[in-house]
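Each of the two complexes below includes chain A, the first together with chain B, the second together with chain C.
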Partner chain A sequence: MKKMIFYKEWIKTRWYMLAAAAVLISGTAYILLGLGKAAQFKGNAFLWGYVIAHDSVLIEQLRYLPFILGGLLAVVQMLPELAGKRLKLTLHIPYPQWKTILLMCLYGIAALSVLFSVQAVAVSIALNRWIAAELVCRIMKTAAVWYLAGFVSYIWSASVCLEPSWKMRTLLLVLLAGMAHLLFISPVPEAYNGFLPWLALYSAAGLCMVFHGIARFKEGVQD
Partner chain B sequence: METVIKCEHLTHYYGKRKIYEDLNFEVSKGAVIGLLGKNGTGKTTTINILMGYLKPKSGRCTIFGEDVQNIKPETRARIALLLEGHVQHSYMSIEQIERFYSAFYLKWNKKAYYDLMDKLKVAPGQKISRMSNGQRSQVALGLILAQNADLLVLDDFSLGLDPGYRRLFCEYLRDYARNEGKTVFLTSHIIQDLEKIIDECIIMDYGRILVQEKTATLIARYPGMTLEDIFIELTGKY
Partner chain C sequence: MCGYGSENGESDIMTFNMKTAGKGFIIFSTAALSLWIVPWICAIITAKPFSAPFTMYSPILHDFTYIDRSGGKALKLIDSKGNVHGDEVQPLFYYMVLTGRGALPKEIDGHKITPELVKKYRYSMSEKPQYVNAKHAPAQLLMESVPVRLELQDPERAMIFHKDGLHIYEMNSNSEDKAKTEAFTKALADIGFRFPAKLTSGNPTHRKEFDEGYLLTDSAGRLYQLKMTDGRPEARHFSSADGISIKYISIVEISSREILGYVVDNDNVFYVLRPSGELIKTDAVWNPQKENLYISGDLLYHTIKASDSDGERIYALRTSDFSFENKMESRYDKPQSFNICRYILPFRLYFVSGNDSYVKPRVKDFSWAGTIVSILAITGIIFWRRRHGN
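Let's turn to the complex of A and B:
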């Protein structure tokens, strides 16, 4: 049964997942090719110098990508459930309702994890060819918050989509926007290191809002 | 006779607008009951309450003895639900949706589904969203038949169907319910479709039940009139 819930989510999102993978691969490849060229023509020392002198993480252009991809995945996955109130059919299948919703969200989290992991591994391998491992570690720690932003965006956007009333949806959107602002407020590398566990907790709190939305849907709450 | 659906003292309001007050009815095992009423009298509201998607202001409903707000998954397997407009997971194909649902129902009858699909002359890979309303209604009906449920709850099954598909749907449903001894609770705003299917009818008006009795008894009380005529007589013209 679990497999079939994942199967349904896969059918809904497969084209989006392919498109997201294509965007992520092409965006990452574009940045890495640029860095590769710089390393080839100006030498690795230039990249080192650039990282240190400009407090750069070299892959800044990729920072918003996980956030955008996470939010869009939630929309692509959850909106069909709302269209024609299909969520009633989903909740009517003979399987515990909370497990169904949890598995739907876990599918999204797993799908994003795959995308983000592949990108993180590719970036790490490429950067390791040009700069010291300590610098790569610094860059990846900085990027960790961007990936976390992707999960925050996914879970909170899912809660927005599954919430039945516009008033509450607006409130959730404000919370999501506030969180997005917080996650991208500092461009300084490793600025969020101390906050990462809290941000992860906040991201998980979004799941409670997903279930809250489902409970309200079942009560028949509407505007 | 075993009671399948029981609603007691059901009262519901949307804001200050009263839908109904102190509504009571029961559906016995094997009965085919039609909930009839003009638009806005609370037919879909009643289905939503019954399926646990709306909490009534007061009152209680049970299906197979369980409170509708907390129906166990095993009990949900005994209830086939058709949403208004034959809504289904239309991003799936005929084959995919059968594969999806079959995993959840122990008594799944694949043949019943594919027999009906064969009549549509569509490819198994055909996406539901690319089908006509009539074809989609048959997919929804096929899924309901395949579930082999004890209770069928159908919300406005005739919505969006042309006379041909309405007739096909009604005939299939009538034969299935009679042959298999299923309990059916349905709503429709096209009364003429129901006359041949339902054994008993509940006619609702704004805020109350006007009539609840056997269809044959009701028709016998109004000689020369069809169920539709009786409905108009009781509820008044639009």
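Let's turn to the complex of A and C:
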């Protein structure tokens, strides 16, 4: 049954995943090519100086990309469930409902993990050509919160999509806006270092909002 | 229930638990968001403009003067007794204007005054806790202090401290310069430096007259200087700072070359480090972790201002020996605005502070009135929901 659920999610999201991968690859390649050109024309010292003296992480332009991709994946994955009352059918398959919903969410989280990991590895390898590993490590530590924002965007958007009433949806959207503000409140490198594990735990706990929406759907809550 | 049959009782229990957890999570998140955003919005709406006046020590009046901008374009300097003066009481600050008017005094308190001398000694610097309390890059740019073509050039090397020594990188090739790594590590180790460095302070830019490299403390907290001259390491240890628990250092590269740096110990005592290695303990106190610092130095006096959001302490020290000349302390008389949040929320939650660069949850402005109102409001909501069946 697990394979079937994953397959169902894959069928729903495969074109989006392809598009997301294309956007991520082209966005990352654009930034890295720009950095490569800067290194070629001005020397690697220019990039070193930018990271050290200007507190730059070189890849700032990528910071909102995971957040956008995460949110869109949730919409692409969860909205079809609401259209044509497919969610009713999903909840009727001979498998515990909470496991079904959990597996659906885990699929999204796994898909985003793959996308983000590939991007992080590609960026790390490229940056290592121009600057020291210690500085690359600083940049990737800074970027960690952007990837977390991608998962937060996915989980919160999924809960918004699966919530049956607009009143609660509005509240969840306000909470999502608050989380987005918190996750992008500081551009300073490594500003989230100590807080990040707690934020990650809180974000993972956010999955229970999805189940809250499902339970309300089952209860027949409507506007 | 509208007919979504679960396969077994376990699923129903799980769904119930998850729903309860979800409800709790949403309530917690909404409460946290309210405690964060509502006071923030209130602060934006009720904020009133405030700025502390620019204050300096006058060598003519032997008193502090601040600039009063309330009277239109005319510059007015007010002393601590409220007397109004013109720019002639700050001749070392407005020396260009006074020179143009032919009003620059030839002598002040027996010290000869010329525009060249004034310019040579005149400088200012500032520091903020937001910069002090931040995670800095693990590498530092390393300049050549004695460049072949005389003018300082952009750094070509960077240094990274490890437990096993100092690693020097040739930035353009992004590779370690093994010979320099060995030489610099040896130079520091030979004078007792224990790796890695705890604090470093440098100003690696070519937009200055000369380069003094870095002031740094080792893992034992002792003070050193390191610079690269002719491609070779030049390291020195300041024994004058041994025994002091250093928590802040700052290198100073000013035209007069009479100061090499500033040092602050764990008791917030402010020291001046001379290029000779002499460390002068001053009467100034500054907490780098919590207070802003502004230093305005000239031929005769240094005005050192330590301030936070509540007030400021301003010290006047004699430039010749950094002995105490005067001190002024004041609390800011900020315009008070009605803070409604104190009456509806138990405390304020915020995540960023002007005192550091980290994002983390912090709490302030606890209010008993707000706590009682919040408890009453929650009780009322629960009571109302029970009466109305949801």
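Please note the rule applied: the second predicted complex is superposed on the first by the 223 of 223 C-alpha atoms of A that agree within 3 Å, B and C clash if a C-alpha of one lies under 4 Å from a C-alpha of the other, contacts with A are read in each partner's own complex, and residues count from 1 in each chain.
Keep this in mind: a contact is a pair of C-beta atoms (placed from the backbone, for glycine too) under 8 Å apart; a residue touches a chain by one contact, two chains touch by 3 or more.
As the structure is a computational prediction, the values presented were derived from the model and not from experiment.
Of the two partner chains, both chain B and chain C are touched by A:K218. Touch criterion met: A:W48 reaches chain C, while chain B stays clear of it. Once the two complexes are laid over each other on the shared chain, residue contacts for A:G178 go to chain C alone; chain B is not touched. Contacts of A:L35 after superposition on the shared chain: neither chain B nor chain C is touched.
Note on chain A: of its two partners chain C and chain B, the one contacting more of its residues is C. Once the two complexes are laid over each other on the shared chain, residue contacts for A:A20 go to neither chain B nor chain C. Of the two partner chains placed by the overlay, only chain B lies in contact with A:Y7; chain C stays clear of it.
Contacts of A:H92 after superposition: both chain B and chain C are touched. Contact with neither chain B nor chain C is seen for A:V123 once the two complexes are overlaid on the shared chain. In the superposition on chain A, the residues of chain A touched by chain B in one structure and by chain C in the other are 88, 91-92, 94-96, 218-220.
Put simply, chain A touches chain B in their complex at residues 1, 3-4, 7-8, 11-12, 80, 84-86, 88-89, 91-96, 217-220. On chain A, the positions that touch chain C within their shared complex are 43-45, 48-49, 51-53, 55, 88, 91-92, 94-99, 129-132, 134-135, 137-138, 171-172, 174-175, 178, 182, 185-186, 188-195, 205-206, 208-216, 218-220. Remark: chain B residues 48, 51-55, 69, 73-74, 76-77, 79, 81, 83, 85, 87-89, 91-92, 96, 99-101, 103-105 touch chain A in the complex. Of all residues in chain C, only 1-2, 4-8, 10-11, 14-16, 18-19, 21-23, 25-26, 29-30, 33, 36-37, 134-135, 137-141, 154-156, 158, 160, 169, 171-174, 204-205, 351-352, 357-361 touch chain A in the complex they form.
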